[in-house]
Amino acid sequence: MRSNRMGWGLLAPTLIILGIMGLLPFFYVLVVGFFDWNVVSATGKPIWTGANNFRRLVFDPNFLGAMSRTLLFTVTVVVSELVLGFVLAQALVKEFPGKSFFRTIHALPLMVAPIAVGATWRLMTVPGFGIAPYYLDRWFGIDYNIGRYAEHAFATTILMDVWHWTPFVTLTMLAGLSALPKEPMEQALVDGANRWQVLRHLTLPMMMPVIITTTFIRLMDALRVVDEVYLLTGGGPGDSTRFIGIHIWRVVMTWTDYGYGSAVSLLVYYFTLVLCWLLFIALTQIGRQQE
Amino acid sequence: MTLITLLPIYWLFVVSARTRVELFGRPTLLQTSFYIDNYLKPLSTPAFQRYLTNSLIVATSNALLVAVLAVLATYALSRWKLGGSDSIFFWLITNRMAPAAAFILPLYLLFTRAFRLGDATLYDTRIGLILLYCLFNLPFAIWLMKGMMDGIPIELDEAAFVDGASTWTVLTRIIVPLAGPGIAVTVILSWVFAWNEYLFAASLTSVQARTITTGLAEFVTVTGTNWGEMAAVSFISLLPALIFLAFVQRYIVMGLTFGAVKE
Amino acid sequence: MFRWNRVLGFVIVLSMLLTACAAPAAPAAPAAPAAEEAAAEEAAPAEAESWWAEAGAPYAGVTIRGISESTPPSRYSAEVLGQMFTEATGINVEFEVTSWDEMYNKPIRDMEANTGIYDFVYIEQDHIYSYLSRDFLTDISALLAEHPELQSPDFDFGKFTSFIDNFKQDGGIYGVPMEAFIKPYLYRADLFADPDIQAAFQEQYGYELAPATNHDQYRDIAEFFTAYGEENDLELWGTTVQGHTGHPSATYELVETILPTFGVYNWGINLDTWKACVENGGEMNSDKAKEGFAFWLDMLQYAPPEATSSTWDEVAATFAAGRAAQGWVYGENAAWIATDADRSVVIGNVGVANPPVAEGVIADAESGAGYIGYYDGGAFGIPYSSKNKEAALLWVQFIGQESVQADWAAAGARIVMESTFDDPLIVEIDQKVSGYYTLMREAGPLYRGAAPLPFHNTLRGNIDTFIWQALAGEIDAATALDGACVAAEETMLQLGYGE
């Protein structure tokens, strides 16, 4: 019949491009992680240092702090976006007047470049000039200052990310929902099930692949967030919004410490991998149970 | 809900309509005057026109490339039991897991050293960016479409083959139409990602292949960020995305009934 | 129907890819009719013109590429001077104008990997040391000696202000200055001259209201005006603070602007032993430094709410919006704050003076042991990895000519040559910017650039967090400096400096 060659042939371009753009740099970073290399060190050249970078990492409070912050951020953000996105998708999949208009509007935040998102939110929230602190103070008497209060800054980054990325979830859910067959749901409703049961036992299981994919993508992206937060707070106040992406950026760009930066990146990469793997197993188990 | 969604964008628009002096006065929600210069100045600068064109070309080319490759790849993964395909599948998605900053250096070296044809390198080229963005968009596309591809019953293929169709025909006549929503979402999301990407675009382009997002970063200087113009350019860069979305949107929701055999 | 879509789609993809693959568009000529006019008006005497054409002849058609920041002086050199240069020599100039971050990252990568992408780079005064320690730059004076035929008659290293000393090492000169500013003390001349305000101040504090000359006066003035703003329901505070709790500008204000006025120089780092803590011979956590830091933190209460979100950007904007009565503001901003009606509401009301200092600091500055403030600026240098060094050599001389300095100064408020101070155009502008240029000329030698740290960014990156946390109120000044000096020493040790 159709030989395996055809299969590989179809897959080949993808593998080649990704291999070159992804695998090669990965090996480079892997190797550099074992060197002590800083552009402005006395020698400026890479020096073999074995697993020293990794050892340093484990006890580095900067790194650990950034990781824990990032985790908290990611979990909050991904869960919020999934729930919100799903609800919105449910609302938008129905037929109603002006449906296209609303769909387009709700997809808008996604279209804005991350640095523009950071810039816009910064302008909105900068004390003294921004509308948020101004009106919060005038109407509610709240002293909202993201430069001063760590909690305010952290909460704002979460809000910003949810605002920016929920449309992503909405869109993918929308595609998933609209590709679902209608008959099983209608049949179930006719058979006397209520909406909630239909949702839980029919819609969600059938949407599992899409939900899994979306969760993964959001998880990975949230763990790597840089541009938006960097423009909003620079990682501040202090280091309260310095997520791991920003930490690595600082190490590699500001400190020009390529060796250490590579090591950190590798560890984060590995960590993300493990996390996703676990999640993958968990979700597919749930998916299997539903069947 | 819609209001909250719109507020920051509204604010973006308001900022773009203000002069620099107004921006730093007492904040107000409503805007009466419109400082059109914020829009005219960047639009009339040839450099910015070039940035917009570059962004358009890169984003669209990448989106289409990704769509095509993803369809081929997921079809292959779904229909054939290729050795190690599960690992490949998982490896694909890991490309998106790595934090970006550390990978700039090796990619830079790759672009400037590894790919050389005489004096030409991949550095500061649009094709370089297009290929690079595949790194992020392809895995996502493949993951998204694999589910949909799996959902298209293989019986349809078989039926077509029995009727003497070639693989190409099966792909174009059966698979693509049925996977419509998936392809549409892939295209739009890849496009948006490529359009908005900043980090790699800034590091791997110089003057020729500059995109609009890197142009945005130019506004932030030591002598004062020109928020007004920056907002204006941000707003302008929103528009193509919007148009593209509106166009692709109707493909996302196509009331297809599953299991219908189109013959 | 679908087939058409596919064909169309395919055609589009193909054409896109072909366009993308097509040879990059010719370097975008900085299209500006104004620039051509300026070039015509700037028509150097015939002999000079022909010298450039002759010298550039062997390199005509070559394109040199450079990178700089998107500030007015850089833009002027890219748009106006670049155009003039191309017309004079036939050498094309491709200018990459980019953000402050990328302006460092990209040349460093280029020079480190020896990829020869840039033929001239912007070297900020505080980064020259990093570049020199890695031999990244070409010795321009040596290159000139090797190529006497490329020595422009209009170019003379001796004409530059003392700022050029920052770019010299071991007898070589590694950069041609293109911009320089001092960071003075700015104050609201109108408020200070108001008789009612003067009377109220005199009554409350017992001396005349005048630009602060020491820290106590500064504090009094800050306190006074903050209260004044409150009482009269104005959006006015007593001082600016460049205290963004997540941006390097805050660290810079502390170590480059505030600490020197308390007598702590070079960031408190002992440049011989590469130590920072008092116990090891440094000064970063000395009592003077802690006093200075505490003073600065104290000023937060008299600063507008955006202080903890203010980089150099917002500080300038704050002052220009009339929200502060005094402050330390970078010179390049002083000019537009005083004159540009599109961006400032305090035009004509800006006063410029030397910063307030503690006892003994002026003496230190005069003797050369210390300084009273920050001398900012940058130069164009030629990377060692450049493939068109000779063409770039012509370029850096071109922008270093005496004849182009005045108009450039008018456009970007920067002066790097002694003679520019005397130029009638500058003298005229000087009045409008409240004598900033006069101050720069007379008091310039009392200011200094950043300490000669070859690991500038890395070190600063390691002490940033402590400063930010102190600004956010999480730790106090003393704890911050104690932590910072330890981090600094660790960093230096790791980089191979010090024992």
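For clarity, chains are labelled A, B and C in written order, and residue numbers in each chain start from 1.
FYI, contacts are C-beta pairs under 8 Å (C-beta built on N, C-alpha and C of every residue); 3 or more make two chains touch, one makes a residue touch a chain.
A quick note: this is a predicted structure, and the numbers were derived from the prediction, not measured.
Peer 1: Draw the chains as points, connect those that touch, then say whether the picture is a line, ring, star, complete or other.
Peer 2: complete
Peer 1: Could you tell me between which two chains the number of C-beta pairs in contact is largest?
Peer 2: Max contact pairs: A-B.
Peer 1: Can you work out the whole-Å distance between the CA centroids of chain B and chain C?
Peer 2: Computed from C-alpha means, the inter-chain centre distance equals 36 Å.
Peer 1: Round to the nearest whole Å and give the separation of the Cα centres of chain A and chain B.
Peer 2: Result: the chain centres lie 16 Å from each other.
Peer 1: Of all residues in chain B, which are in touch with two or more distinct other chains?
Peer 2: 23-24, 26, 104-105, 109, 217
Peer 1: When you check chain A against every other chain, which residues touch at least two of them?
Peer 2: Only 129, 253 qualify.
Peer 1: Where in chain C do residues touch at least two different other chains?
Peer 2: Within chain C, residues 101, 105, 317-318 contact more than one other chain.
Peer 1: Tell me, which parts of chain B touch chain C in their complex?
Peer 2: Listed in rising order, the residues are 19-21, 23-26, 46-47, 50, 57-58, 60-61, 64-65, 68, 104-105, 108-109, 112-113, 123-127, 130, 172-173, 176-177, 202-203, 206-209, 214, 217-225.
Peer 1: Which part of chain C faces chain B closely enough to touch in the complex?
Peer 2: Against chain B, the touching part of chain C is residues 2-3, 6, 9, 12-13, 16-17, 19-21, 24-25, 27-28, 31, 65, 67, 69-72, 94-102, 105-106, 109, 113, 115, 117, 235, 312-313, 316-318, 320-321, 330, 332-333, 336, 341-345.
Peer 1: Quick one: which bits of chain B touch chain A in the complex? Just the residue numbers, please.
Peer 2: Against chain A, the touching part of chain B is residues 1-2, 4-6, 8-9, 11-12, 15, 23-24, 26-29, 69-70, 72-73, 75-77, 79-80, 82, 88, 90, 92-107, 109-110, 114, 131-132, 134-135, 138-140, 142-144, 146-148, 150-151, 161, 167, 181-182, 184-185, 188-189, 192, 195-196, 198-199, 212-213, 216-217, 227, 230-231, 234, 237-238, 241-242, 245-246, 249-250, 252-259.
Peer 1: In the complex of these two chains, what residues of chain C are touching chain A?
Peer 2: 101, 105, 108, 112, 130, 133-134, 243-248, 304-310, 314, 317-318, 323, 454-458, 460-462, 465, 468-469, 471-474, 494-497
Peer 1: For a test of understanding, state which residues of chain A touch chain B in their complex under the given definition.
Peer 2: Residues in contact with chain B: 1-2, 4, 6-11, 13-15, 17-18, 20-22, 24-26, 28-29, 32, 88, 93, 100, 102-117, 119-121, 123-124, 129-131, 134-135, 163, 168, 171-172, 174-175, 178-183, 209-210, 213, 216-217, 220-221, 223-224, 226-227, 244-245, 248-249, 251-253, 258, 261-262, 264-265, 268-269, 272-273, 276-277.
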